[in-house]
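Just dropping this structure here.
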Amino acid sequence: MKKSGELQNSPQAASKKVARQKVLLGLVGAFVVLLAVLPLFASGFWMRTLTLLFLLAAMAEGWNFIGGYTGYAAFGNVAFFGIGAYGTALSMLRLHFPFFLALLVGAAAAMLFAVLVGLPVLRLKGHYFAIATVALATGVGEVADFWTDFTGGAAGLTLPFFHPIQLSNYFFYYIAFVLVLFGLGLTYFIMKRKLGYSWLAIREDEDAAKMMGINTTWSKVVAFALSALMAGLAGGIYAYWNTFVLAEEVFKIEYTLQMILATVLGGPGTVFGPFIGAFIYYILITLLVFFLPVGQLHATILGLIIILVMVFTPQGVMDFLSGRKRLTLSALLENIRTHKV
Amino acid sequence: MGSLELTQGVVNAILLSGTLALVAIGFSIVWGILNIINIAHGAFIMLGAYVTYWLFTLFGIDPFLSIPLSMITLFIVGYVIQRYLINLVIRAPLLVTFLLTFALEIVIINLATFFWKGDLRSVTPAYSGAGFTIGAVQIPYVRLGAFAISLLLTGLLHVFLTYTKTGNAIRATGMDIDAARLQGVKIAQSYALTFALGSALAGAAGSLISISFPIDPTMGGAYTLRAFLICVLGGLGSIPGVMLGALLYAFIEVFSGIYAPGLKDAIALFVLVFVLIVRPTGIAGKAFYH
Amino acid sequence: MNQEVIFETQGITKYFGGLAAVDNVDMKIHKGEILGLIGPNGAGKTTFVNTITGMLRPTRGRVIFKGQDITGWPAYRVGRLGIARTFQIVKPFLGMTVRENVAVGAMFGHKGKTRTTRQALEKADEVLEFVEMGHLRNHFADQLTLAYLKRLELAKALAMEPELLFLDEVMAGLNSREIEEAMEMIRKINASGVTLLIIEHVMKAIAGVTHRVFVLNFGTELAQGSPEEVLNDPRVIQAYLGEKFVERQRRMQQASPQQ
Amino acid sequence: MKRSFQILLAMLMIAAVVLAACGKSGGEKQAAGGGQQGGEKCVITFGAAVSLTGKYAKEGEYVKNGYNLYVEQINKQGGIKVGNKTCEVALKIYDDESNADRSAQLVEKLITEDHVQFLLGPYGSGNTYATTAIAEKYQVPMVEANGAATKIFKRGFKYSFAVLTPAPYYLRGIIDMALDADPNIKTVAIVAENGAFALEVAQGAKDYAEEKGLQVVYFDKYTKNTKDVSSLITAIKAKKPDILLGAGHLQDTLLIVKQAKDLNVSPKVFGFSVGPTAPEFRKALGKDADYIVGGAQWTPELKIQSDDVFGTPQKFAELYEAKYGEVPPYQAAESAAALIAYQKAIEAAGSLDKDKVRDALASLDYMSFYGRLKFNEQGMNVYKPMAVMQNYPDGKLYTVWPKEAATKPFIYPFKPWDQR
């Protein structure tokens, strides 16, 4: 949503913008088609890698609602992933629901949690909000890890394994892919509507938004709940895919960081940003691990990449992609110029 | 509830609060004055612990005596990082500095693991584990020493911030950056010094921790979270607030550890969220290193 | 001007800690008028507006709008009911275009419920024409000058189609030509049927556009009346300009006959 | 410029996707080369994802060392006999960063792209959980050596085997030994890390202690990655147990010892499931390690004679020390044993066919340098007893239980901290 340099109200600029959007849309469209037919060629490894990537992209799209559009630095979204995973697993194991019904139960549980927690926590701002969400996610994870009678505790939950769809790579690939597309569609849909405008207004100035008749509490809680929906669905799919749920796995803070990174890398507050960011991030770390001779230093390299992105282009690559900015040295240095002391 | 558990618990909590205050105070000044949540704080604590470990292992330097050295080392590390990295983006949105320090933590921890391996290490001077008893209550010398040094350093910090020119400049920067600039404070320098000071205190905390607890490259994360909890409990921006927060947190941790060890962190975290919601400025309210 | 009271506060009081920032203020605003609210810095003007628009909760007292008690209502409900305000320190939505900024008002304000997003954007265009900013509609808000930002504040508030509009120092920082324009704009808004309360330090504007003036000092009412009365009231001058000024003026008056 | 950046990025993405597609065909070629039947040169490739970074980096390194040492030794002998020819052994190892997602991803890569014939296990129950499911999906055998939680094996999997003694058996030896040393022992306190493996260990110990007529006076779990257990120790101190048993990982073990000393808690028997037998235990604690006992899957002192590539535990230890410069931890031995299980099964099957080897593994019964290798129908090795080792005041570790394998007598009781 950030802007710079050229003004965009001349007819030429407008038509250029439309043209650029068409190119971008075309590229993304071609890419989506490519991904849709990919399973015909790809190995099991790449299917798994891309499935994980899609789940990450879906979570990033969800994070984008609260973090990118509404401007609340939520650092606990993994809680929704974990609750989605547990909700799905428990309804399959205890209630013997079929997978898709269980998935909805898991996602609904995540959303319910988001609403209950969001009402008090979304009153906080800045760092306080960020850490309150970290604390909640960690706390919920520990409860799941400890509450042996209900969640199975640290021993975790084991899902039945031998269903044919679990043995096929296609099922989880496509369901995760559909989730990503659903997220893109949902984002586009919302951002054309009043709810989307209310998020942007809250991000830019919450007091002004309030005074202009926006029920900010409601808008924020909806944003939070929709991020929970995306993460909860991803969590439920993940649980059935991996066939077991361990609290230490599904509540780990790395997932939160990954979704934020993906969003920030792509461009927070843009429709395609989280998806593109997830792609860049996940392919990058996969390549780092497998194909570059960096030995045990790949995490260090990942850290250095984050540092470089934060210093040079914290608005994400979407600015360059959409043509809002030119990729020049001075554009890269602009961030330092405006934010240094 | 046995009375032994109770009294020993109280003693443990008080002794622990000293180290925790030192853990949190550096984090608190960086947050209060630079408005940065330094996720890498725990990594600095880890580095401090390793300085002490290596000095002890290689040269037999007593861990308590190595504290100044680990503070100096971390001071330099902190200064360089702030001056040449964080200062570049310090006015960017919260998320940027948050992720930047997070990435720093990844880099530091992974380099440490690369060079020193993931081994658990312990500093074991001859007097480790020794202590005295009052009634049935055991008081280890090491923890008592750590408590005393924490209080001493906290006191010194207070004196520094209140009575020295540099300290005043730092506080002025925290209160009103424009006013400070008008008074001739060099902001970039002042920021770097603040961060360096925070890192040095983290280094000292790391040294003290290494004497009582085993250390490894990933030890820091838990301390970053605790530092945050303490700052929130005690209120951001005042030394007494941090100490109060540390004491409160130590009691929560010790007693939930006795009665529900598996939920220790969860209890502390839910208390945190509760406090945030009820009193967002912390129990001690907001002072600003006045 | 008719004497129908559109808005009223009864004993509005706001404490911060032990201090009363606003103390027992009774104010009536008549339908269709332009009421000026003045007072020295720190007199509690902005706190007063915050308290009666739902940004802050009053400690005591009642706020009544068109016969309805709206005390303690959250700001968004106050906004939807037909009260809009601007902020002394402008609060544009920087990451949105001028048109989107204004459309937010049209979406969520007084008649927002009845509009679609598209209709709101059309309404925004209409308002932008009214405030003569139509040519800037596709600019991002952070590309505007201060004068335009102030006008954008106004446009956002107008898009809410309020019956009552609070303007908090919309002229501060403007040059005299811009002030003239702003005064003209205020008259135009008033003529379209909107009741206004304007907080202002620019006395020329107060004298030029208001029908009535209300003076606040130390959180309490000091005076109210027509602009001429109030601006010549020694109590007001003293409060505004301080003891020293009044003293000097007195001395000058004493000195002048001798010349 | 901006257009070119778009195109650049599009190319990057498409390249990634094409890479994905190529991975498959490329891999197939490799398979044709690696899995050949009639040629002169024959190679058996084993694959494993092991934690070389992250929280299990240290243990992962032991695992990797164990695998490598075996491969080096067997190749010195020419390799593994398959029918009438001898195949060289190759090893493909990736770093799973102590992360279960990564572990699963890597095992899927080993199977579908690197086309390894057989799988070895990662370190830790969590990662083993994740990877056994992948092995099962592709019906590739996995013999693992470092995931002791029985839950892994209660899913009805056909292709997973574990050479190590399952978790519930870990602390039994210490209880037997304590009762043997002093029949008057009455009470036991058990603390466990809140993790799948440790909880099974603790529960197994509790059941066994109660079966033996002991009173469990304290039984609780503590948070994973805890940095301070003094509260727990304080609670235990009040109970004055005769035996204090801990189930967790090395880090917790060190913490418990240090803080037990700080708070002067001295039970008559002080033992852990994991930790006291690791070389790091002594390194980290110095003299404070004295008298503490630990369960051991394996120790270099065991008296075993085998006809495998190592022959005896002593020989394994000698080779290990020569190569890695330290006394072998049991993780290394059990990891090597996983390969021995494969070797014997492949030899018995006379084939590299995955299903034939699987069947051979299921019916394997072999005495290796590591101990008996035999799997129950779930794939767990419940036939190998655990040893107990004690840190002697002379700074060395000795096997003290079972009696017939003991190299030194068990020193009883634990010398109280305040009398040292």
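Descriptive notes on the structure:
So that you can tell them apart, the chains are marked A, B, C and D in the order they are listed, and the count of residues begins at 1 in each.
Rule of thumb we're sticking to: contacts are C-beta pairs under 8 Å (C-beta built on N, C-alpha and C of every residue); 3 or more make two chains touch, one makes a residue touch a chain.
Computed from a prediction, not measured in an experiment: that's the story for all the values here.
Here the chain at the heart of the shown protein, by mean C-alpha position, is A. Chain centres here are C-alpha means, and the one lying farthest from chain C is D. Computed centre separation for the pair chain C/chain D is 74 angstrom, with centres defined by C-alpha atoms. If you average the Cα atoms of chain B and of chain D, the two centres end up 36 Å apart.
Centres computed as Cα averages put chain A at a distance of 42 Å from chain C. Each chain gets a centre from the mean of its Cα atoms; for chain B and chain C, those two points are 48 Å apart.
Touching of two or more other chains is recorded for residues 110, 113, 262-263, 265 of chain B. Not a single residue in chain C touches at least two other chains. Each of the following residues of chain D touches two or more other chains: 53, 194, 221, 223. Taken together, the touching pairs give a contact graph of some other shape, not a line, ring, star or complete one.
Pairwise chain contacts present here: A-B, A-C, A-D, B-D [touch as defined]. Residues 1-3, 7-9, 14, 192-194, 197-198, 200-201, 203-205, 207-216, 269 of chain A are the ones that touch chain C when the two sit in their complex.
Chain contact summary for the complex, chain D toward chain A: residues 1-3, 5-6, 9-10, 12-14, 16-17, 19-21, 23-25, 27, 52-53, 94-95, 97, 99-102, 104-105, 108-109, 111-113, 126, 129-130, 133, 136-138, 149, 151, 154-157, 194-196, 198-200, 221, 223-224. Those residues of chain A lying in contact with chain D across their complex are 20, 23-24, 27, 30-31, 34-35, 38, 41-50, 52, 142, 145-146, 153-156, 158, 161-162, 166-167, 242-244, 246, 248-249, 254, 276, 279-280, 283, 286, 289-290, 296, 299, 317, 320-321, 323, 325-328.
By the touch criterion given at the top, residues 31, 37, 85, 87-100, 102-107, 110-111, 113-114, 187-188, 191, 225, 228-229, 232, 262-263, 265-266, 269-270, 272-273, 276-277, 280 of chain B touch chain A in their complex. If you check the complex, the residues on chain A that touch chain B are 67, 73, 75, 120-121, 123-124, 126-128, 130-132, 134-136, 138-139, 142-143, 145-146, 257, 260-261, 264, 268, 296-297, 299-300, 302-304, 306-307, 310-311, 314, 335-336, 338-341.
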